[in-house]
Structure formats: C-alpha cells, structure tokens
Amino acid sequence: MSNNLSGIFPPLITPFVDDELAIDKLNRNIRKYERRELSGYVLFGSNGESVFLTRDEKIQIISTVREHTKKILIAGTGLDSIKDTINLTNDASEKGADFALLITPSFFKSEMKHHTFLNYYTKVAERVMIPVIIYNVPKFTNVNIEPETIIELAMHPNIVGLKDSTENTSRISEIVATVPESFKVIVGTASVLYPGLTAGAVGGILALANIAPDECLQLYNLFLAGKNKEALELQNKMIPVNRAVTSKYGVAGLKAAMDILGYDGGSPRMPLEPLSEAQVIQLKIILKTALLQE
Amino acid sequence: MSNNLSGIFPPLITPFVDDELAIDKLNRNIRKYERRELSGYVLFGSNGESVFLTRDEKIQIISTVREHTKKILIAGTGLDSIKDTINLTNDASEKGADFALLITPSFFKSEMKHHTFLNYYTKVAERVMIPVIIYNVPKFTNVNIEPETIIELAMHPNIVGLKDSTENTSRISEIVATVPESFKVIVGTASVLYPGLTAGAVGGILALANIAPDECLQLYNLFLAGKNKEALELQNKMIPVNRAVTSKYGVAGLKAAMDILGYDGGSPRMPLEPLSEAQVIQLKIILKTALLQE
Amino acid sequence: MSNNLSGIFPPLITPFVDDELAIDKLNRNIRKYERRELSGYVLFGSNGESVFLTRDEKIQIISTVREHTKKILIAGTGLDSIKDTINLTNDASEKGADFALLITPSFFKSEMKHHTFLNYYTKVAERVMIPVIIYNVPKFTNVNIEPETIIELAMHPNIVGLKDSTENTSRISEIVATVPESFKVIVGTASVLYPGLTAGAVGGILALANIAPDECLQLYNLFLAGKNKEALELQNKMIPVNRAVTSKYGVAGLKAAMDILGYDGGSPRMPLEPLSEAQVIQLKIILKTALLQE
Amino acid sequence: MSNNLSGIFPPLITPFVDDELAIDKLNRNIRKYERRELSGYVLFGSNGESVFLTRDEKIQIISTVREHTKKILIAGTGLDSIKDTINLTNDASEKGADFALLITPSFFKSEMKHHTFLNYYTKVAERVMIPVIIYNVPKFTNVNIEPETIIELAMHPNIVGLKDSTENTSRISEIVATVPESFKVIVGTASVLYPGLTAGAVGGILALANIAPDECLQLYNLFLAGKNKEALELQNKMIPVNRAVTSKYGVAGLKAAMDILGYDGGSPRMPLEPLSEAQVIQLKIILKTALLQE
C-alpha cells in the first residue's frame, strides 16, 4: 500500500451497552460515515477507550469493521511492552488493519528520551507487517517525543507518519521541513486543523469527525482550494464544539454529543461515568450555537 | 488470611537475558532473600518492569516464585481495564498470590477523580478472590488519589491497604488517623521509611530492599524498639543510595546495583537501556560511601 | 547573634482595610502572640502577601513590628533581582530584621539550577548585613533547590538555614545529615511538622501558627520531650485544619480563620478575593471538628 | 493614539557590562533596528531580563530609548502588586511608553483564575494613562489565562490587546473570532508566527526579531501578500534558530547570537551565566545553517 495517509479520519468511539461491547451500534455509526468522503477510520484511539478494551474485544472490532468498509483502517495497537505491541499489531494486520498507530510508551516517564524512543519504534517497526504511525499525545501520556527523534525515525522504511495531538503547530512545521515526503504528519485535534494544514500536515485524525464529519471535510477541502478566509471562519466555529467533546467533557461528552446528533454513543465504560443531565443540556446549547444541530 | 501486612517487602526486579525472562536468576535472588526476615515479596511492582511483561510471563513468574517461598506474595495486577484487572488478579490468585496491588488507573488523567476511583476499586474488589491494596505512585501515573477517597475505599471489606509512593508523609498521618485499624498503610519508598513509620505506616514496599534488605529490616526494627536516634541515622545513610537506584538511575540503576552487590540484576528490558560504564562507576562510589559494600 | 533558629515562628499575615495596610490590626495580632513562647515572627512570607506589598509598606511593617517585640524577626526580602534583594535586605536589617528569608529566584525556571542558585545566594549573602535563610517553596515558584545545592551553600558563613516548604521530609534527613550543625533546617508547613522534626529539623515557620500557636508549640514540646505518640496524635489533628488554611482555601482561608478565632484577619488584598459565605461556614466546621474552637 | 498594534516588534534585550546597565550598547542596537520597518519596540519583556532590573534602571531605559525613536514603545510594567503596577506604568507613560504590557500575576498560582484576572486587569486598566496589553507566558509564570477571560477583558476600553506566548494557535483563533476588532492579538514567539497570522493575529513580539529583524518582517509581508508557500518555507527555516535562542539556550543564547551577528549582546545579568564556549560554537553552527550569517 502506498502511503496514502491524507484527509480526514474519525477515531471511532466504542459503543457499550451495560458495559459490554455493542458491535451493532458501532456498525450503525460506520454505515453513516461510509456515505462521506472520509479517508478511513482509526480504531482504538484514545477516545475509542482502548485502555478499557480487552485484547479479544480489539480483535473482534477490527474484524467487524473490516467487513463494513474498504477504506483505510488504522489500528491503535501500541503498548509499553514491545512484545505485546508486535503481537497485537500483527494480529490486527491479519484481521485487516492497514496501519498501526503506536502511542509513545510512557510508564517510565523520566526514561522516555531520544534513545528509548528510537529503540522502541525501530524494534517494533522491524517486526510488524504493516506500516507504523507514531502517536504523540502528551495530555494522556505526560511524555513528549521531540521533533529530532521523529525526524530520525522518519528515515525508517516502515515508519510512515506521525499523529501529533499537541496544539503546537510549530512542531509540524519543523518536522515537515526535514522529513522525506513519504512521511506524513497528521493533526490530532480539530482545534488546530487549519493552522496544522498550513504548517504542512496532510490531514487530521479528529475526535470531532465522529460528530461533525462534514464540517471537518469541508474545512479540509476549503484549505485545499486555497480558500483561507472561509477555512479560518469554519475553524473558529469548530473550536468551542471541539473543546466541549475533548478537554471539557472528555469521552463522555463525545459520546453524549453522538447521541444528541443521531449517532450511537451511549455511556463510556466503567470506571468513567456518563455526563450528568445538566452537562447534557450545556452540551446541547454548545452544539446548537455552533449550528451543528437545528 | 488475616491482614498481616507489615514489615519489609522487596518489590522484586525481573531479570532478563537477551531480553527474555530469566526465571532461574529470579529464583537465585529469592533464595538469598529467603534467609532474611522479610515479610514477603511484591511481584510486578513498577521496578519489576511489569509494563514490559506479557500476561503469560506474569503468570509464569507467580507460579515459580510461589514454589520458592511460603511468605506473603503481593502481585501487581492493576490495569486501566476493569475486566483485564479482575481476570489477571484471579489468575494470579490461583497461582498463589495473596494480595493484589492495584495501581491507580491513569490514562484519562483529568477524569481520574474521587468517583472514578471509587468505581474502579469497588468494582474490582467485589469480583476478585484476594484482598486489594491500593497503589498510589504519581511519579509514574501523574495521577494522585486523595486521602478522602482512600478513607472511603478503606470501608470496603476487600480493600485492605495502601502502598503510598509519594514522599509526603502527611498523607499517611491523615489516612491512618481515620481508617479502621484493619486497613494498613505501607510506605512505597525507602527515602521516607522512618518518617512514614512515625506517621503510622506499618511497613515498606521498598525498591531498596532488593539490594539492602538487611538495612531496611534494621531500620524497621530500630523503629519498633523505639530507638529513634539510631533509626534516623540509618535513614539518613540510606537516602543517597535510595535516590541512586530510583530517581537518579531508575530501574537500570537498581539492576546494576544488584549486580555490584552479588545479586542477579542484568539489563532492563528494551526499550530501556543499561547504565553506561561511567554511570556504573558513579554508582559503585555511592554504594561504597554508604558502606553497603566493602 | 548566634544562630538561635529553633522553635515555632508564625509567618504573619498582613491585615488590610479597604485594600490599605492596617498596621493597628497587625499589632493587635502580635500582642496576642507575644504572650506565647513563640521564637519570633516571619514578615513577608508567602502568606504575608508580600508580592502585593510595596517596598515602602514593607519597611513600615518591619519598623512597627520591631517596636512591639524583642523576639527574632525574619524578613522575607528575596526578589529575582540580586540588586533589589541586597538593597531591601539591608534596609530591613536597619529597621530591625534579624534574618533575611530569601525565596529562590524563579522567573527563568529552566535556568534555575545548581550554579545559578550558588551565584544568587552567594552574591547576596556576601553583601547583606544579616544572615540569610534559603526559602524553598515549589508550590509557588515551580522551582526546586536540590539538597546538593543547599549542602554547598551551607558552607557559606552568612547562609545559616533553610525553610523547606515541600512536604518531602527525606530532603530534610538528607540535608541535616551533611551540613554543619550551625546550619538549621526549618519545616515550612504544619502538615509535616512532626515527621520533619524527627528528620532533624529544629522548628517550624508555619502558616498554621497564626491561628493555632498553642497547638504548634505543644507539638514541638511533645517532640522535645520524646512523647512521640502524643505528638503524632496532635499532628494528625492538625492536618485537616492546616490543609483548609493552606492548599484548600489559601491566604483568604487563613485570614477568615483568624477572624473566626478572634484574631484580625480580614480580606486578602486585590486581586485575591475573600472566601464566600458558604466557604466560611465550611471552614468553621473544619475548625470546630479539630477542637480549635469551642 | 489609535490602536495601531500590528507588525513586528523586537522585545529588546538589555546589555550589561560588568553586570551594570550599558545604555550605550542598547542605543547602538536601536540604531540598527531603526533602519528597518519594525513597528516599534518592547522594553522589559521576559528576554529583556526585566526581573533583574531595578525600578530606576527601568525608568532610565525608557527615557533613553524614547529619545532614539518615534516608533511605538511598549513597556513591560506588570508586577503581582496592583499598586506597584499602576505606579510603574504611569511613570513609564510619562517617560514616553505608549502601551503597557502586563504579564499575568502568578505568585498565588492556584488562585489565578477567571475572577482574579478580571480583578487585576480591570483595576489596573482603570488607573493607568496608557492602554494595556495582556501578556500570557505560561512557560515563565506557570499560569494560563483562558480565552474566556481574555474575551471578557477585551470589552474594557483600556485593554487593547494580547501577547500570547504559548505555541497554541487555536487560542488565537478562538479569541479573534469573538473580540471586537479594536482588540489585537499578537504572537509571542517566532515559532508560530505564520500559523498565528493565519489564525488572526496582527503581528509578533518576537525574541527572534532582535537577531533576525529582516526575516521576521519578510515573513510578515509574505503573509500579507498572500504568498503562503513562501511564508511557510521561511517559517520552517526560522524554527531551529528560534528554538536555539529561546527554549534551548535562553536569554544567554539570544545575547550570544547578537554578538555573533554584529549586535551588542554580552552576558546576561547574574545569577544567569553566559554560554560556554562549546555552546557558542554550537550556536554558530545553527545560525550558519539557517543562512542568517555567511
């Protein structure tokens, strides 16, 4: 597969009923997304609550989603253990995943430096059957992988991209200026989609694309068409909604927004809790203001 | 089993050869520890590199260690996923673990608050066959469980203790003053063993006990005997060594110190790296100065 | 003056009326404290709201307080600027201050390391007419001065002590074990007064001593008398009160507690705000529970 | 004065000789800048080492610089104390400052929230004779002022702008979308100048403009001319240089770069230290690579 990592990818949320996996609801969401020009899907992103999923559940999800789409499937199969990461990635590949999105290892925070990251990603990349995308998300890991390290890793033939979920677009500029063109940088949060694209990113893996796929695609297309003013306006409209379903209300908020907007969201898995009624009302107001809902 | 959680427990390091589990070396270490009055062992603590171990390796370790000791075995079986935690804990119990040491879930940091912790620990404690010890270690998790939450959890019949690895002994005072006597607080780092004991802790799970079990036991016994001056002197002597094998050089330093002192340490597992030669020399000096080695 | 830094020192709050200095109220507080066996007072500690005081106000305060007491006066005269620090310290000395408490400089956080601290404290210590006490309070400065640096600074004849406001008593153990006996370590928060004393500190500069001077003195005396069990009990009783007037409600809470307990507190200076009525009620309950008030 | 805050402003470094103010060197730098189309100068920005300057030195600097230029002068006169801030700002105004750049108060970090910031900026803005620019720089203050707070403050007739020194351009998008047009947002670091401008900022206060004023102006003009591709290329070229003179080597690095490039830099003031020789060599290489020097 050539490195066709561009455009908009929703990191799919995982629906549960009574705290158990609800595959049918996941499929119902996908059917709605399939009508759009999305480039593909991310399974087991942070908002997919992958840390709460068992290995078997992950395998089951990939298999089912693969049956429902021909688009690119990116599977979040990174764990601190190199052994477990290789193993899960190869199983995911067999079930149909096209790329592995590998979150930075992070448990031994103070040891997570240049060399450790080189060790980790190189070791894994050499032994997995699908290309690797580095995933940097300090808000969850409290670890940050430096541009220098990414630039060095980008030389590896099986490390093909970066999802950067900081809101610091100077990182993107710096990386894009140096890596080979085959290495792609993808914005990890809708709040900086437009500045990220202007800085050289080729697309976005955006929690917001779960609830507003059309708006995310529209911004992406406005940018491609050079319509900078309109793109910026849309970007500004998106920011409060995006904040509501990420930093403000977290995955519980994202799932509540899906319910409000006609998708299948439901409650997050325990130990997380759903929004309170008051929070749902607040969220409805935010969504209405942003005209995502009549 | 009555709640006999007191005294000194080394959280065993995991030896590897060529990055593969070296059970024989682990057993050799245990044989040395068995001659001491240690209360038991912790398997899969942070310094046991549990995040780098596969599930199968963990099960294998418990089985083997159980064959070599009659002392208390505490297994670190906590994961973000409640399902996985229950499952692994019950398997560990079957293989001989006496207590489950459950690190605070931490991936969704900003959601890890009072209610989430109550959800997590209660759900798990109700479904596992061995008593639960809460494990608070913000330096690795970037999450802190508040005294209030611990005090509430201490009412649960199957939640029997806390390992607190902050160096803030006012937490210990506050918790001990309120919880039922059956709930035990254990110091999680040798740097505050003595003040922790004066604050009401009943023992220590101490990385340092891997390399200096006798000194740790001596300090504990001096405290019990009311020999406060001698206890403080020993505490002061321990601090630089403890820092070297924890915050300064991490698990690689702890393992190097084991090699220096005649135990089986070896290299940490990838992606971590062993100490450089210069660091080993530094470490030798620190150990010598503290008279742990002639 | 020999280095008689031991015992309990309240860091005096600064009363305001209509946002202007209310010296008469400050004196009324001091009159109450003078009847106790307190060792002296700290002026312009963090809780003295020194960052909101003008230079003239500071000078006025020292002069007045000096008229009302023969006890030790410690003035918080540290600023990032070495010039300003020397200048203010020498003026404070002229007005009657006995020691200068110098907070770590902190603006250029990433530069505040071993050498910078050596530069700062040495330069200042050489040019001021009163002995210097280092003040480490990371919760306000986001900077931490390492034991190594303190140990080196303790060799300077005009650097005579440390106020450590972390709750990490292993720092105290480590420092006390190495510095000359003339260098004194003082606990900076009541939450670890007892473990701090067991670790080798000789006294406390305690916000809590503004509202509970008798209890602080009692704990100190119990420790001196070797009554460890009673000391620990009192320590535990103090912790929730101390938390209420420090981390929970801040200086506004400390001042409200003074009002509740018959001292002159009042509102903090703008831009800070006084507690809400609901918070005052909460605070009253906490104080009552701890039996500081009938 | 209408709110003509746009374009590029260097925050002037402060030269010292033997740790004393060297006004002649400052003037020599200004003479070089005066030939460029810079919009004006910032005095007492973070990199001006304002925390190390006495009040008298600050007043002297404003007076002298005012004699040498007709451009806009922005003075960094913010302190934690409202009284001191008003007083210094009004003196600065008398000596010729056009705007006051007021860093967020930050000592009582946990109290620095919406209401406290409203209190602080409103109180000051009402009593100073020149318009106020809010200055948000969490890397030095460890405090962050939220977009909501800025949006509310932007309604005040005497609060006219924001210098935002985070690298998070989604903040700029969000603020610009809501504030009145008379309120200007200025990028505070060259690493995000281009994405910041695309997000709605009108200019930059850039440490980098001290050593590369032409490149900063060129990027700004490319953006105005809609030459996005060229602007991005220049942005990418700037990033490593900018990092070297900010996060990597700090103000000592910025001053060394000035010396290398023919400006008057010199050593930072004590307690900071100049770069080592090895660091200067490194810095020269970085500057050469970026073609700022033949």
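For reference, chains read A, B, C and D in written order, and residue numbers begin at 1 within each chain.
Basically, a contact is a pair of C-beta atoms (placed from the backbone, for glycine too) under 8 Å apart; a residue touches a chain by one contact, two chains touch by 3 or more.
These numbers come from a predicted model, not from an experiment.
If you take chain A and chain B together, no chain is in touch with both.
Put simply, the chain farthest from chain A by mean CA position is C.
Two copies of one chain, chain B and chain C, touch each other, and the residues they use overlap strongly: the shared fraction of interface numbers exceeds half.
For the pair chain C and chain D, the distance between C-alpha centroids works out to 35 Å. Separating the centre of chain A from that of chain C, both taken as means of CA atoms, is a distance of 48 Å. Multi-chain contact residues of chain D, defined as those touching 2 or more other chains: none present. If you draw each protein chain as a dot and join the dots that touch, you get one closed loop, with every dot joined to exactly two others. Contact annotation for chain pairs lists A-B, A-D, B-C, C-D, with touch applied as defined.
Those residues of chain B that touch chain A in the complex are listed here as 46, 51-54, 79-84, 87, 105, 107-111, 115-117, 119-120, 123, 139-140, 142, 247, 250-252, 269-273.
Those residues of chain D that touch chain A in the shared complex are 167-170, 173-174, 176-177, 189, 191-192, 194-196, 198-200, 228, 232-233, 235-237, 239-240.
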